[in-house]
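One chain, chain A, links the two complexes that follow: it is found with chain B in the first and with chain C in the second.
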Partner chain A sequence: MDVKKLLTVLLIPLIALFFLVDQGYAKRNPGFDDKEIRVGQWGPQTGPAAPWGAVARGSKLLFDLVNEEGGIHGRQVRYFIRDDQYNPSQTMAGVRELVDRYGVFAFVGGVGTACGLAVQNYLRQNEIIWIGVCSGARAFENNPWLWQMWPAYFDEGAILTKHAVENMGFTKIAYLYQNDDWGADAMEGVKAVLKANNLELLAAVPVEPIERDLSSQIARIQATGAEAVVGIMAPTQAAIALRTAVSVGFRPQWLHSYNLCDFALMSHITDGLWASEGVMTAAFTPPIDSDTPLMNKYREAAARLAPEERWGIFYLAGVCVGEPLVWALEDVGRDLSKQAVVDALNSITERQGVGPIITWTKESHHPPRQLQVWQCGPNGETIVVQDWIENDLERP
Partner chain B sequence: MPFEQLLIEGLAMGACYGLFGLAVIIIYKTSEVVNFAAGTMAMFSVYIAFHFITFYGFPFWVAFIASLIFAGLLGVFVEFFFLRPAKNPTLLGLIVITIGVQLLLAGLAGWKWGADQQAFSIPFSYQVTYKLLPGFVVSQWAVAVFIIAFIVVTILALFFKFTKIGTAMRATQQNKYAAKIMGIKTDRITAFSWAFSSVIGVTAAMLITARTILDPEFMMEPFLRAFAAAVLGGLMSIPGVLIGGGIVGLIENFFGYLSPAWKPITAFVIIVLVLCIRPSGLFAKHYVKKV
Partner chain C sequence: MDMKRDYYEDIELFKSGTILFWSIVLLVALFVAPVFLSNYHLYLFNLIMVHVIVAVGLNILVGSTGQIALGHAGFFAIGAYGTVLLMTKLAIPFFPALIITAFIASFFGFILGLPALRLEGPYLAIATLAFGLAIMHVIGHMELFGGRQGLMAPTLDIGIPQLGLSWELWTEKSKYYLILIIAILMVLFAVNILKTRVGRAFVAIRDSDIAAEVIGVNLTIYKTLAFAVSAFYAGVAGGLFAFVLGFFDPFTFNLIISIIFLVMVVVGGLGSVMGSITGAALITYLWYDVFKNVDEVPVVGDILLAFSRKFLTASGIDNFNFVALGLVMIGIIIFEPLGIFGAWIRVKKYWKTWPF
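Take a look at the complex of A and B:
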């Protein structure tokens, strides 16, 4: 047998082996046993988006609390965090490790549209339960293995604009947005509300995530005579935009994304301007200082189990994305299976923990469409200026 | 178009770029090395001031002086421990080393102070504004930028022209070996130029961060703008770099007003155009190829 034939013969079992391996540990490993259920999350613990890494640690608080109370039907939750530094290639590496090596049963949260998109197909192909990707991008819709909690950016843009127009009476609205899917999705919501009110968007001005000088963008918006500016961008650019506007004497009403509703952080990085200018944001949780039994329970648990953590909105968001999994596991009982948890998730109806009110069915895993609108008070406190309101406009 | 506002804002940010561009060209004037770590070195030194103010409660001016001293020492340290030990270094090799230093310092800053955004204030507030004419608002910060940039560029021009060290730095750049023969301690001159550059860099970085945000990456984009200013002005011309900074700031602001989506690439377009049309920059007298 010559070398060519030998290689050809060897190639067949190699390919077969490859496909067998690619079937994966995930298919064989159910992600749980009699003692534990394995749950994972990725998030930027270091790198440029590290402040959002609190989401993954917030979920840890929830699972630590569950374990402290005896676990779920006798099983402890074994929770894994992988630091992806907000880098999609590292997200993939971390997720593959958790699936292939540990065979996690489910993922919760996961910060970032790009990071989530990097692993969406992989998780879907492996039929891994995934709850509450931290993104409201349209690209996550219609994934049967993903249950969404982060309100769609379309709804966010619509509700912020609705508040500005219908509650505050502004008619001159401009839009400053991050030049990606996030900004584009929300812009549709902004335009839909303006159209419904027979108004025109005065200007839509893009910002790149790396930009540090926003003078020209602010000048362009200022020139339109805008009374209110809806902003969809990262904290750094939002802070720079506000500083720049103040430095040229431009003081509109700012309305920002729910990703910027950490008023303590935003006031800090804007020298208090976030508070003194009364910036508003959307929000999909109750305020972190709410005096409800469940919020108090988590707050006390955080002080006891994670005293080094700041009780902030992103930390709370981590609790939110973990709650539906805990509810489903509790509903299923001791006879745990993936299908049973899927059925339990699909049966969640008008249920609320410390996050939004959730309803999921077999046909719809869409996120809630309700949001609140908050305003940063003069001392950095949260003022709820609009209680839960649902966006009833459909996408064009 | 709010012409006056774009003009004043463009010039103010442009002066920051120009000032930081000076930090880039001081090293270039001595050794022809483009220091890609300049932004990160400045960032690191600003964090030192931030640390003094936030954790030790020192007043700004004490922290500022501490930061200048640290920046000078950091410049010497980088030159002495990273560039000098390189054996038979080519220019490219030295530039690659500066990229390594940049990565190292960025990692260290992230580890020490975290990636969280921080506010850094200077005594010249962007919140205090003066209305000179209708539609013509200038902030205290912008006024401070113009004054500081003017002072620094004047001092530098005089320094290079009239002091012995300045002359020695120019001689070292023109011919290191001839300078050595003439009794100039070129190693010391190179180390001094790194210290000098680092001190000017942190001054510019403090002005920039006072209007933006402090985080480990805050100087990445301004460095590119400053580099564009240096290329435009001519890598050898001190007033040229400051004027180049002003031109970059104005072009970016006016172009950004007309077409915001294309604004981020303005600096790169300027670099490419200048290198294609006039490689020595607008204000350098002539392009000299060493043999």
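Take a look at the complex of A and C:
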């Protein structure tokens, strides 16, 4: 067969594929019917931020498990993941598509501050329930249709500093941060705690997200004689900072963001330095290897339903953001409506699954203010050095 | 058949009654389309038209002038940031802001065109690549541009609110019409420019820049002009994109976007305006829609999902998006180097000579 004929033959199934994909547009629907409830999430499955895509797949595990147990009051959860490649225009396309084409009842999770901000107004105007955006940025506060789960970066900075000062007795604290809103938000928390303890921040040294040589920053911090360094930055930079510091013989106590509490990953990319230096991080979930009935259940389910997945902290975070929706749907019962679910979410009090302890009210959808502090043990295991503790300082 | 007998036949906008007829049908269809389309589809159409504007502009540079460019996301970013900042910080109405920004973008295009006078092929690709990446990081570094947090676009007001002549566009539908009209104007401009002295100079440079210089084409002027025109298009498109999306941060305009723009042009057909339009439409549609829904297709979806899980990564079907896009590109380069436009020419020839 010559090439052109072959191409023509191939073209026919391709066109058929187009038509199959593009059918079945329902007019605006409530996102559920007698048989199913449609839930969506976006996340980078490909592209530069792909490791964080595990969050969206973790939620899939939860919903698969729920479906396997017979669904929620007779309805199955139909769950959609849209890969946005960490690009806001793709996020917007995916979200609009899910809302318009399938009629989505709720979104859970959603990695990335920029991606979330791009769709925030759209989801809000369309009054679609959204639980647990994976960002602690300030720009998500006070959205009546968003229930937050990821602790504010302000609280994170405060808890890390509090642990360093009050539990470990350090007085010389320095701060190494990513030069953006994330770093700036957390810095306020760091400063608030130091001020309450009559201490001064020795140095606040910024890092650009693209920088790969941090020797000058490390030298500046080393020169201050800091005993502990609070770090707010991406995994790559944290690894580089640690390597650089060790190579010049500077060994303070490092305290990092909860976004870096995947010790297996961090030990791997630092060739074990993360473990041997005993780096600490904040955390808002119980440790992934904790031996609780619920955690064991999810771990076994993951091994059975998604054997190709690594049981890591991002994957677990996906389970966390799905849990409140499942609770609310269970509380509401067979007689489902959007308002009923909203009310159920608003009355969740002091409840914890495998995520943070959550309390939401009609007036406040704020994320929990309790965090843990973990330390990476010599073999990469998680040691809880500070159990759940609440930040009681207010933002200045 | 297609023999031209005088100059005026060559510069005619519509070569034949048939083309005129179908162009009108297409335009009418585009104008009534929103009646039948959902909001999601309108958003997709808006993105497609924005990409069409970029692709048409890029094609003037890559296809007609023969200069490679991997930094168009940079001009796109300048367009988006410029328009929004001029409107919010300096309170300039939308249309002047868009035009000023487009000229700013074309100024940067001119600057980037200067090294192009001495660079060719891969060296030029690297220079333009560096420009695209640098713009992204410069914007991310400056507070004026909203830093890495990004910017929220204001309400799209196409009147002059300062004089009380406000005309706010809220819905996707109204934005669709605005972008459609601008896109049509930009496309007409591109078709026309290629038929003038300037367009012929571009083509001469592409075919052989030494020969072009010998017959009196000023390389300095025309090469930089090609960059400037192309950047102007990307600037306008960026300004519209800002309002389609409503929010953007520096990393929205990353290297992948630059490459996708180039893919649109290559897939559509180098040097052809119609090709850029179809290329932009096809790639945007595939990238944003079809490839994301493959797993919903019965049987095929399940097979691909199983394949992807077994041989690619755990993230499942989404790998298919990039793999398929890559295959489309490779397929086009191997089997149809002239892109969709080339395929169209072949089909046309086949029917003209049918049944022989």
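Note that in this section the second predicted complex is superposed on the first by the 369 of 396 C-alpha atoms of A that agree within 3 Å, B and C clash if a C-alpha of one lies under 4 Å from a C-alpha of the other, contacts with A are read in each partner's own complex, and residues count from 1 in each chain.
The definition used in the following text is that a residue touches a chain if its C-beta (ideal position, glycine included) is under 8 Å from a C-beta of that chain, and two chains touch if they have at least 3 such contacts.
Owing to the predicted nature of the structure, the values given are computational and were not obtained by experimental measurement.
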item	value
Overlay on chain A: chain C relative to chain B, clash or fit	clash
Partner chain(s) touched by A:Ala306 [first = chain B, second = chain C, both, neither]	second
Partner chain(s) touched by A:Ala219 [first = chain B, second = chain C, both, neither]	first
More chain A residues in contact [chain B versus chain C]	C
Which of chain B and chain C A:Glu208 touches, first, second, both or neither	both
Chain B versus chain C as contact partner of A:Pro30, first or second or both or neither	neither
Partner chain(s) touched by A:Ala50 [first = chain B, second = chain C, both, neither]	both
Partner chain(s) touched by A:Gly278 [first = chain B, second = chain C, both, neither]	neither
Contacts of A:Asp181 with chain B and chain C, given as first, second, both or neither	second
Contacts of A:Gln90 with chain B and chain C, given as first, second, both or neither	second
First (chain B), second (chain C), both or neither touched by A:Gly380	neither
When the two complexes are fitted on chain A, the stretch of chain C hitting chain B, from 116-124, 242-250 or 296-304	116-124
Shared contact residues on chain A - chain B and chain C	46-48, 50, 179, 208, 210
Touching residues (chain side chain B, partner chain A) in the complex	1-2, 5-6, 9-10, 13, 110, 114-119, 121, 126-127, 129, 131, 137, 139, 141-142, 208, 211-213, 215-218, 220-222, 225, 252-257, 260-261, 263-264
Chain A residues touching chain B - in the complex, by the definition given at the top	44, 46-51, 179, 205-208, 210-213, 215-217, 219-220, 222-223, 235-236, 239-240, 243-244, 246-249, 265, 268-271, 273
In the complex with chain C, residue positions of chain A that touch it	3-4, 7, 17-18, 20-22, 25, 45-48, 50, 53, 57, 81-83, 85-90, 92-94, 96-97, 99-101, 113-114, 117-118, 120-122, 137, 139, 179-181, 208-210, 306, 308-310
Interfacial residue positions of chain C with respect to chain A in the complex	38-41, 43-44, 47, 137, 140-141, 147-150, 152, 241, 244-249, 251-252, 254, 256-257, 288-290, 292-294, 296-298, 300, 309, 314-316, 318-319, 321-322, 335
